[in-house]
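Heads up, there are several structures right after this.
You will see two complexes here that share chain A, one where it goes with chain B and one where it goes with chain C.
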Partner chain A sequence: MSPGAFPDVAWAGLAPELVMVLGAVVLLLLDVQVKPGVKVLWRSASAIMVIALALGIWQWIVTEPGGELAFGGMLILDPAAAFARLVVLVVSILAISAGRSLFVQLGNRAAEGLALVLLASAGFVLMAASQNLVMMFLGLEMGSISLYILAGITGDGVRSDEAALKYLLLGAVASAVFIYGVALVFAGTGSLGLVAIGGFLAQYLVLSPAVLLIGIGLITVGLCFKVAAAPFHVWAPDVYQGAPAGIVGYMAAVAKVGGFAALARVLLSGFGTFRADWALVVAAIAALSMMVGAVMAIISTDIRRLLAYSGVAHAGFILTGLASGAPGSPSVWFYLAVYTVQLVAAFSVISAVGGAASSGSALSDYRGLYRRSPFLAIALSVSLLGMAGLPLTTGFVAKLGVFLQAWQHGLQWLVVVAVLASAMAIYLYLRVIVTMYMHSPTTDDPVGSDRPTFWALGFATAVTVVLGVFPQPLLKLVESAIYL
Partner chain B sequence: MVELVIFVLMGSGALAGGVTVVMARNPVRSAMGMLGSLVSLAVIYVVNLAHLVAAVQVVVYAGAVLTLFLFVIMFIGVDRAEDTSETIPLQRKLVAGLALVVAVGAAVLVWRGRFSWTPAAAESVPIPNGTVQALGGELFTTWVLGVEITALLLTIAAVGAIALAFYRRSGKASAEK
Partner chain C sequence: MLTLLVLTPLLGAVVISLVPARRRELQLPLGIALSAAPLGVAGAVFVSFEKGEGSFQMVEKMVWWEPWGISWHLGVDGISLGLVALTTLLFPLSLAASDAITHRRKAFVMAMLVLETGLIGTFLALDLVLFFVFFEVILVPMYLIIGIWGGERRVYAAVKFFIYTAVGSALLLAAIIALAVMHASQSVEGALSFDYLALLDLEISSTAQMWLFGAFALAFAIKVPLFPFHTWLPDAHVEAPTAGSVLLAGVLLKLGTYGLLRFNLTLFPEATVSLVPVLAVLAVVGIIYGAVVAIVQPDLKKLVAYSSVSHLGFVVLGIFALTSAGLQGAVIQNVNHGLTTGALFLLVGMLYDRRHTKKIADFGGLASRVPMMAGFFLFMAFASIGLPGLNGFVGEFLVLVGSFPSLPAYAVVAAFGVVLAAIYMLWAYQRVFTGPLTGMANRKLVDLSPKETAILSPLAALVLLLGLYPGILLDRTAPSVEAILDRIEQTTDYQVPSPGRLEDVFASGSGDGEG
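And then the complex of A and B:
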């Protein structure tokens, strides 16, 4: 594009994001002008997300296999971006449904909370679709800053504040590391667009790639922080523990989708020619994440810390697929889609049991949960079994996919580590399930869940089981997301 | 040659300013360190022919934002004693160890990657045109999406400030005990 010419605006391609962003603004204005009840705001936000999902599905259908560049090469609207958008939207709708009691408890802050959820989702979709490193940074910040605020949005309780502040400070450092890496990559290649960088590196042999390698490393570190891969995971347990229960699952899930989509794009599409240099580092991070996550989760006594560390392990599993450098990494996309749904479901149960605005959920609170609420216990069990990767759940297909992909691309040692970590992880998930079914409850008070939570959990459970038994439709979907 | 001298001078100025921001006990001194860092960066921008960016840097950041910082610091009070005792055991040793690992890693990369001051893509980068017209043109054509997203970022920041600070003071009791 020649400078001075206005770039082609892909209105249709960005329709879901436009709906989300405009919807967020409308929610805020409604709150100021009309002051409707929280229920109305919640319904409006849900409606906006459903419209965005419908548009997202339409965009998924019409997207060309190779994708098209939009906004003068700032974004690439390809199947991978469309798929990431679908995952983000489904996760957001589940989280908004299951989080209704949180927004009701937020009272006059509900509009802000809902608007931030919408904006964060739009930000992470933009991050997944960005073809330019500066755009990627802006999408990352748009999502992350919304999440920092959401972590502390209840505004009372020291732990919630601590979680928000910790997330903000460490997130800011990670963003700084990322942008420093972007600057070095620009110095090394002379461009910020990933396609241009890939083209440059394919065309020229870089004789002194030190600056470029440090840049790639810093970008990887910045994104690994966002997806909570070891050793950049230390924030995750504290943030998951302190942030309001109704939103933690959402925070964890969308950050992982955006982060891994960006990581896949940077490493595969931008620096594919440097795979020999980054694959070993990514594999090492993956191995460390899996072991640290599994070991630390086993010794956790708070179910949220347990899930945070299990999230670290899952980041490792996903990185295992990514390290293989397989074109498009379909197994990574499948894993992301099914894991984020399980994550949101697990935290929805925690929110129903412990209270949507609560911080911290001791494992002992889950003693005998089956007798207090069979539905919640079953929903949590299914999502935990899915995370454990038991056969007949989506988790099994996902794990098998990344392991196979890594094995075929010569990372056998990593697969051995991954299988060991999975075996350890099964113990920790079973420990929670045993607590729920075998132990006698401390109180006999039944735990209820409201209707939206019921539907969200029902959907997540059904997806985990049905797609675990018949994974073909989703596998086909992700295989068409190959973009390299 | 002149460029290199200015870069080294101003680069170390910016670094020293940054270190001051983190290390200074007195917050006013931190703010002054930040001022030094920002002005040094502005000079580097001038050397790189980005005159408008340099001017904006001085006027907006060094002028407006830093004044705001100073106001806030003065409002809170600079004489309030801060508790700077560290509660995490071995924190310093751990950080020193990690810093060493990072330094060694960077050194290995520089050594293995045959570090060169001339970037690989030196000839493909056009000479920047830092005039207001060129910058505005670039900003609102090539980077128009980025400008819009930045506007959204500011919206998010404002929404967050209201959600976190405003309602807290108005004392809306929330459900958590």
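And then the complex of A and C:
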């Protein structure tokens, strides 16, 4: 490629992202020029997402097993990227559907909110598809900055502001740590492309790898911040608690998909040869996350903090699969796909119960929810049981996959920690279910849910149960298709 | 046929869910009728079961989660046959005894039917993941049954029940994974497998056997419950509604003993042989402890609950006696305990429905008011104590006879458990039913209705049948039990001490207790 020449862009391969980004621009322009109603904006955003999903499915089908490099080697369009994209899109569609009331409440800022959702989704998909560390950083920032704004988008209430500011400051620190790590890796290997780094490390023996190891460490830490793994999780409970209910589930879910996809790429395809060095560190972070998450969630009295800490524990479970260093880490992809759906479903219920723009949701508000709205109670129970890993939900299959993979790759101790942590975690999900079914409500007012929320929750619940009983299709998909 | 047996109750739950909520009067009768369907299927399984066969019968196998070698694999042998029959029998009976449940009745019937599917599935599963799935899924309906339709401290009891069992099964899952990975490293194709029959061929080192045995045994010991893991049991039993207590005692506890017998003995024979003293001590402590605590209980339901700790101690002792008679005794005692304790819980429930108290001190001299009830209670108490001619005798006698050759000291101590059982059961009977009639409320008691008599009669008939002709069950269990002992003798240096095997007994010509 001669300098200045336009790089080779795989336009078709990037079509979903292009649709999302251009869609965001169109939404903003429409808002300025035509000032359509919120309903119209919401419908257009949903339509854009569905078009992107259709293109994403098409791309999934045509993607070659080895993938192809795009944008002059900045991006790699392989099955892993295509899969991460599908997960992000499904999660986004669910979140936009269930979050309609939030956008209605935003009023004249609805277009901004919807555009930010589209941009964040595109950013995290690009992050998952990066083959170059700088591109990864760009994707990360594109997604994160959109999320910082979304966290404070209601603009009212100290909680929401606190959440947005905390998220911004700690997120910025994490980005800085990440990019410093990238610089050190560049210093150590002379390259920013993951394939080139992997090739370099396979070919040459690095005699004094200190700089490189610090670089790998900093990149890992930066990404662990993003996915809220302990001990880099302290921001998560405050952000989950303070940000508007209608969007928190989405924020947490897409950040996790992007973060873990990037982590898998960096560790497995970039620094696979250094597995002996990073596996123990990742395993330690995993063990700590599972324990800290479970314990802290048990003592939480706010359901959102509870879910935030449970998210920390789930980050630990996913890292357990990653630490095994299995090629492609299929269990990690399966876990991400099913957990994010459960997460969005749980927050959709919270948004329906507490109000889409609300901050904070005391567990006591859920007393007797079963009597006020059986549908919401069942939907929340199924997603919580899925997170608990009860058999016949996708959560069990996901956990079993992660444990099997870790055990096969010599991390038996980590699996024992993980099963104990998941036994502990059962208690915390049970606490919420007990509150919903076995305590009498403080008020008898029925809780309604609008039609899009109903469909989104119905879909998430059905997926959690049906794929929990017959996970075969999804399992085969991830096991056979994804290599890194 | 076995798939049908597992899925009929689930289908029943779906049918119930379609009944409109306002047709309340339909829900319970329909539930009883639907739970009678699996009883019919189980009857067919019992009849077509081949007597002389020690291996699994009516095996069905289908690929389920292919990438991990998990299959829908069901089969029945002598060890599970009796338990499956017991399960299908207790469900219609306990549903019929659930008139008192008026609150959210539809959900109750559905929970019961889902529970039935889970229990039958656990006894029939021949794939370890399938087993684990059923084993865990049972927790949810049982948890709801205790937590929604239970007594005053129901939420506490339900959560305690769930957490105890969930912790136990956590390590079980890790051990199951370990076995599957071991299979992958030992098999030619390197494929994972959770198939019980395939895992039997594994070569497992002695240390690994110890660890895995420990993980399996912990999960099952909590279920049994073996001393000192029993503290969830009194709470759960006392707070559960009658149907819940009947099924907890009658079937759920058997998951523990069944698991020990099915998995620990065959998958980890070396560890079994070397850990016999540990398990036997816990069993004997449980026998004596459970009985002694039962004696001092002021609450009738709690007394029956603690008696379960004692009775299941006998079952565990029989299992780890590692003799034909001991194992046979354990298998039949599993069924016996389900029948008698199930009936006792039903009786306590009927008493509670009338008087709304379970305190022994509140009763006195009831026999003159409710002779039928007193008669059934005494009959079941005698069966529970082990009066010759009733089923309890067969089980406990076989366990004691079976443990004498291999564990004489333990057998002697355990025999005191029988004496203690007589004390707590008869003393309770005496305080509740004999003597002068006390209290105004007790004077107004009504005797068993025809329906209640109809619920108790089949149990009483089976108690008598198994007491007089235990061969109906023992003939079917014998080959499976011998197969387990053969396996232990082949894979370890252990030799069952004479006269511990069936052939020893036949050779000496004294067939005592062999039915």
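Assume the second predicted complex is superposed on the first by the 477 of 484 C-alpha atoms of A that agree within 3 Å, B and C clash if a C-alpha of one lies under 4 Å from a C-alpha of the other, contacts with A are read in each partner's own complex, and residues count from 1 in each chain.
The rule is simple: a contact is a pair of C-beta atoms (placed from the backbone, for glycine too) under 8 Å apart; a residue touches a chain by one contact, two chains touch by 3 or more.
These numbers were taken from a predicted model, which means no experiment stands behind them.
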{"item": "First (chain B), second (chain C), both or neither touched by A:S121", "value": "neither"}
{"item": "Touched partner set for A:S348, first chain B, second chain C, both or neither", "value": "neither"}
{"item": "Touched partner set for A:F71, first chain B, second chain C, both or neither", "value": "first"}
{"item": "Superposition-derived comparison: chain B or chain C, residues of chain A touched", "value": "B"}
{"item": "Contacts of A:W407 with chain B and chain C, given as first, second, both or neither", "value": "second"}
{"item": "First (chain B), second (chain C), both or neither touched by A:S358", "value": "first"}
{"item": "Which of chain B and chain C A:S331 touches, first, second, both or neither", "value": "neither"}
{"item": "Touching partner for A:M135 - first (chain B), second (chain C), both, neither", "value": "first"}
{"item": "Touched partner set for A:N108, first chain B, second chain C, both or neither", "value": "first"}
{"item": "Common interface positions of chain A, toward chain B and toward chain C", "value": "none"}
{"item": "In the complex with chain A, residue positions of chain C that touch it", "value": "64-68, 129, 132-134, 136-137, 139-140, 143-144, 147-148, 154-155, 158-159, 162-163, 166-167, 169-171, 173-174, 177-178, 180-181, 184, 192"}
{"item": "Residues of chain A defined as touching chain C within the complex", "value": "385, 390-392, 396-397, 400-401, 403-404, 407-408, 412, 415-416, 419-420, 422-423, 426-427, 430, 434, 437-439, 471-472, 475-476, 479"}
{"item": "Touching residues on chain B, where the partner in the complex is chain A", "value": "105-106, 109-110, 112-116, 119-122, 124-125, 137-138, 141-146, 149-150, 152-153, 155-157, 159-160, 162-164, 167-168, 172, 174-176"}
{"item": "Touch list for chain A against partner chain B, complex", "value": "1, 3-7, 21, 25, 28, 71-72, 74-75, 105-109, 112-113, 115-116, 119, 122-123, 126, 134-135, 138-139, 141-142, 145-146, 148-149, 152-157, 164, 187-191, 200, 204, 206-214, 217, 355-359"}
